[in-house]
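Listed next: structures, encoded as structure tokens.
Two complexes come next, and they have one chain in common, chain A, joined by chain B in the first and chain C in the second.
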Partner chain A sequence: MDYILFIATLVAIYSILTITMNILVGYIGILYLAHPAVYGVGAYTFAILAKGGTNYFLALLAAGAVATILGLIIAMPTLKLKSHYIGMSTLGFLIICHGLFINLKGITRGALGIPGIPRPTIFGETLNTNLSFFIFTIIITTVIGIILHRILHSPFSKTMEIIREDETAAKTLGKNIIKYKLQAFMITSFFGGIGGGLLASLLGYISPTNFNIDELVLILTMVIIGGMASFWGSIVGATIIILIPEALKFLDIAPALIGPLRYGIYGMLIILFMIYKPNGILGRRTNVFSK
Partner chain B sequence: MEILPQILVISIIASAIYALIAAGLTLTFGTLEFINFAHGEIAMAGAFVFLYFFSDFGLGIFPALIVTTLIIAALGMFIERTTFRPVRDKQEFIPLVLSIGISILISAAVMLKFGGGSHTYAVANEMPTVYRIWNEAVIISQTQIVIILSSVVLISALFAFLKYSKTGKAIRAVSDNKQVAAILGINVNRTIVILFTIASGLAAIAGILIAFDQNLNPRMGLQLSIKAFAAIILGGVGKLHGAILGAIIIGFSENMIVGLTNIPSSYKSTIVFTIFIIVLIFKPYGIFGGNKEEVESR
Partner chain C sequence: MTNILEIQGISKTFGGVHAVEQCSFSVKKNSITGLIGPNGAGKTTMFNLISGLLKSTEGSIHFKDQDITNFTAYKRARRGLARSYQAIRVFPEMTALDNIVVAFGNNKEGLFQAFTPFRRHQRRLECKAMKLLELVGLEEKAHLKAYELSYGQKKLLEILRAKANNAELILLDEPTAGINPTLIKKITTLIRQFQKEGHTILIVEHNMPFIMDLCETIIVMDRGHNIAEGKPKDIQSNKEVLEAYLGKSHA
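== the complex of A and B ==
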């Protein structure tokens, strides 16, 4: 039971991470591959501040704020670039940040990682049990989810989708594309950073391996399987991808094989979805990353 | 500065390796217009298939090399036929994401068979042959000389093939404009299969050479892919000479900066990609990539 609650909390946090990545990838159509760097910076900011005794919620907000700064830095070169070039520059930022997580030992403790990241204390009670932390996370993620849902069902989101479908048409309509893109980056990185903070708090320990290219593949799979430009799809995608390795544990497989098998299944799912159902389970027809 | 000649040699070796991977990648990119994330994994798979035939099966170096190259070339052909061809004319992100799926699948398959750890071709207690040149200032192993020579020979052969052979001309025509090439009677599907086969075979040889020099593990493919992407984008995509220039820039910058300053070598990737992003800011389409209009008109 305790373990199920842990998995449910993980699903809630990854749903936030997936939806935020989907804003850039699915809604506005930017091939953004730096998400683990952004929420990783959020997670590190949160971990360092919360361990240092900063108020839990303040630390979460700071995680969002620092992630937003990184998000804007990542956004800068993408404004001038198109399709693959955007993909490579954002992937480049992921590799740079991952390298910094490993190498800036004075701040991140390098490959050793940061242990003992605290859970929140509310009215003098520390939420150390999985049940209390699950309830806490569900409340926070639901609030974030409602905010994101409103953003993604507003005129703002319609404009993002126009930019994705046809940038020239959006310009003709008098839309300031750069402003919209920067705002999308800010929303993604702010809430992504908070998601990273929650993830750090749930795991209690973070190291650079939590924010590498494998994580990118994980989140990208969630976005794709759930569906591009789909709020609920992202939640479905996150749930399925988190549950796959758990389902594998019930099969009679040597533990050493579970890791590769899990990745094999992710790979197979991506291939099959791309060939037969590129819009994902709940996605709509979109015109993503075209020139 | 007495270490400068040695660093130059290390940079040349790294550039030779990246150039081999980037050459195949830029060929597929130039024609199909998507970045094939699986390319480095194909090189990695080549290194492991060679490990199987050479170390486990006991074939000699050259038979094992030929068998491996054929198998990986066939794998490339198979991947093109079964996965990339059905999505070729769909939106651009589909083949790109698909290739990420293929790369994960290949590395998972290798890990299932060989485990996640590192392997080496070296036989225990056997010292590699090493040469000292330039008044003993530079140490270079036999393998490293072979890497540099093979890279130069294979890339020159590739240039000649693209320029003079009928198939090479067909590849250039298809990469220029698929419709016009088809109207002129070029079999586009066949040309693209040949292209994938060549690129995969090159990648397999590159993977084996790298594994001889360093070691091999299932994670090396991704590192190679990433360096090769950076190389082809730095040089300007779809241009063979651009890819080679990009490979040289990356090979030299990472080794020169790490070798001549106090920056630890774990910063290599960070340095490469910082340079990469700075170049993209000033030359958004790469050094030989031309201007915006030229890229968009393709």
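== the complex of A and C ==
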């Protein structure tokens, strides 16, 4: 039971991470591959502040704020670039940030990682059990989910989508493309940063391996399988991809094989979906990977 | 009548190619003006310069008595300049209705407006968009995705979208290219109606009967210059124009 609650909490947090990535990739059509760096910075900010005794919620907000700053830095070059070059530049940012996580030993403790990240304390009660933390996470992720759902079903999101469909036409309809792209980056990185903070709090320990290219593959698989430009699709995608390795544990497979097998399955899923269901489970047909 | 658009000595070079060179003309308010010329004359480049997708190398553009030469495309659009494209640019994954709704300038599309009540306003805009679609008999296709429409319907949709963008000056880039005669008639009535409602229309076109019938003034471009301007009748007998189209020996 405890284990199921842990997995459910993980699904809730990854849903937020997937939706936020989907805003940039699916909705506004920027091939953004730096998400683990952004929520990684959020996670580190949260871990350091919360361990230092900052109020839990302030630390979460700070995680969002610092992630937003990084998000805006990543946004700068993408405003001038097109299609796959954006993919290259954002991937570069991911690798740089991963390098910084490893090498800024004074702040991140390098490859050793940061242990003992606290769970929240509410009314003098520390939420140390998986049940209490699950309830806490569900409340926060639901609030974030409601905010994002509102944004993604408003005229604002329609304008994001026309920018993905045809940037030139959107421009000559009076849409300020740069403003929309920066705002999309801000939403993605702010809520992504908070998601990273929650992840750090759930795991209790973070190290640079939590925020490397493998994680990017994971989240990108969630986005693609769930469906581009789809709020609920992202949640479905996150759920499926989190549950696959858990299901594998119940099969009679050598533990050493499970790790590599996981990534094999992710890769296979991406290829199968790209061939047979490029829209994902609930998503929309988009031109993000082809333009 | 005053001029809504004034173009003075505008040039655009791509490397060594002078696509538009020292071109000057003006468009009268509430008129239907044609811009014609042989292939490669620089008409589409001119449209891109006017709508702000390209930056001119020299010269100035005045729109509604304001110098907009250094305005970016979206700012020009907000001043009241809309256009259609030669190669259709509708938003394929959105419904025909949404294609028009997103074009309305006041559709509460700001990030923070997402947290204000926007649904009633959206419904009002959808009604307005539906009325536009009814003008051309597309109301039954309103909820189809734009990529499902036929070529001609997409073209109509693009023209309506330009109109929805509360444009005072509408630039139409070859609205009749590849379209059957029935639809061309529809487009003609549509453009006439826009004029009655106070819009100004500038059309690039190769379809001579269409443009000679519709336009009050015609501007002729050749190799980046504007070589003639006048009433359709005068243009048809203008020697330079005939030379530009047919070559010297035939004229």
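The rule we apply is simple: the second predicted complex is superposed on the first by the 288 of 291 C-alpha atoms of A that agree within 3 Å, B and C clash if a C-alpha of one lies under 4 Å from a C-alpha of the other, contacts with A are read in each partner's own complex, and residues count from 1 in each chain.
Going forward, a residue touches a chain if its C-beta (ideal position, glycine included) is under 8 Å from a C-beta of that chain, and two chains touch if they have at least 3 such contacts.
Since the model is a prediction, treat every value here as computed from it, not as a measurement.
Superposition model on chain A: chain B and chain C are shown accommodated side by side without a clash.
Once the two complexes are laid over each other on the shared chain, residue contacts for A:107 go to neither chain B nor chain C. In the superposition on chain A, A:271 makes contact with chain B only, while chain C stays out of contact range. Contacts of A:88 after superposition on the shared chain: chain B is touched, whereas chain C is not. Looking at the shared chain after the overlay, A:143 reaches neither chain B nor chain C. With both structures placed on the common chain, the touch criterion links A:99 to chain B but leaves chain C unconnected. In the superposition on chain A, A:175 makes contact with chain C only, while chain B stays out of contact range.
When both complexes are overlaid on chain A, the residue A:165 reaches chain C alone and has no touch with chain B.
Between the C-alpha centres of chain B and chain C, as viewed from that of chain A after superposition on chain A, lies an angle of 80 degrees, to the nearest 10. Chain B and chain C never share a C-alpha pair closer than 9 Å once the two structures are laid over each other. Shared contact residues of chain A with chain B and chain C: none. Contact residues of chain A toward chain C in the complex are 150-151, 154-159, 161-162, 165-166, 168-169, 171-177, 183, 187, 284-286. Per the touch definition, chain B reaches chain A in the complex via residues 34-35, 83, 86-87, 90-98, 100-109, 111-112, 115-116, 222, 226, 229-230, 233, 237, 264, 266-267, 269-270, 273-274, 276-277, 280-281, 284-285, 295-296. For chain A in complex with chain B, the touching residues are 31, 76-77, 80-85, 87-89, 91-93, 95-96, 98-100, 102-103, 213, 217, 220, 224, 256-257, 259-264, 266-271, 274-275, 278, 287-291. Put simply, chain C touches chain A in their complex at residues 51-53, 72-78, 81-83, 85, 89-94, 98, 101-103, 105, 107-111, 113-115, 118, 122, 161, 165.
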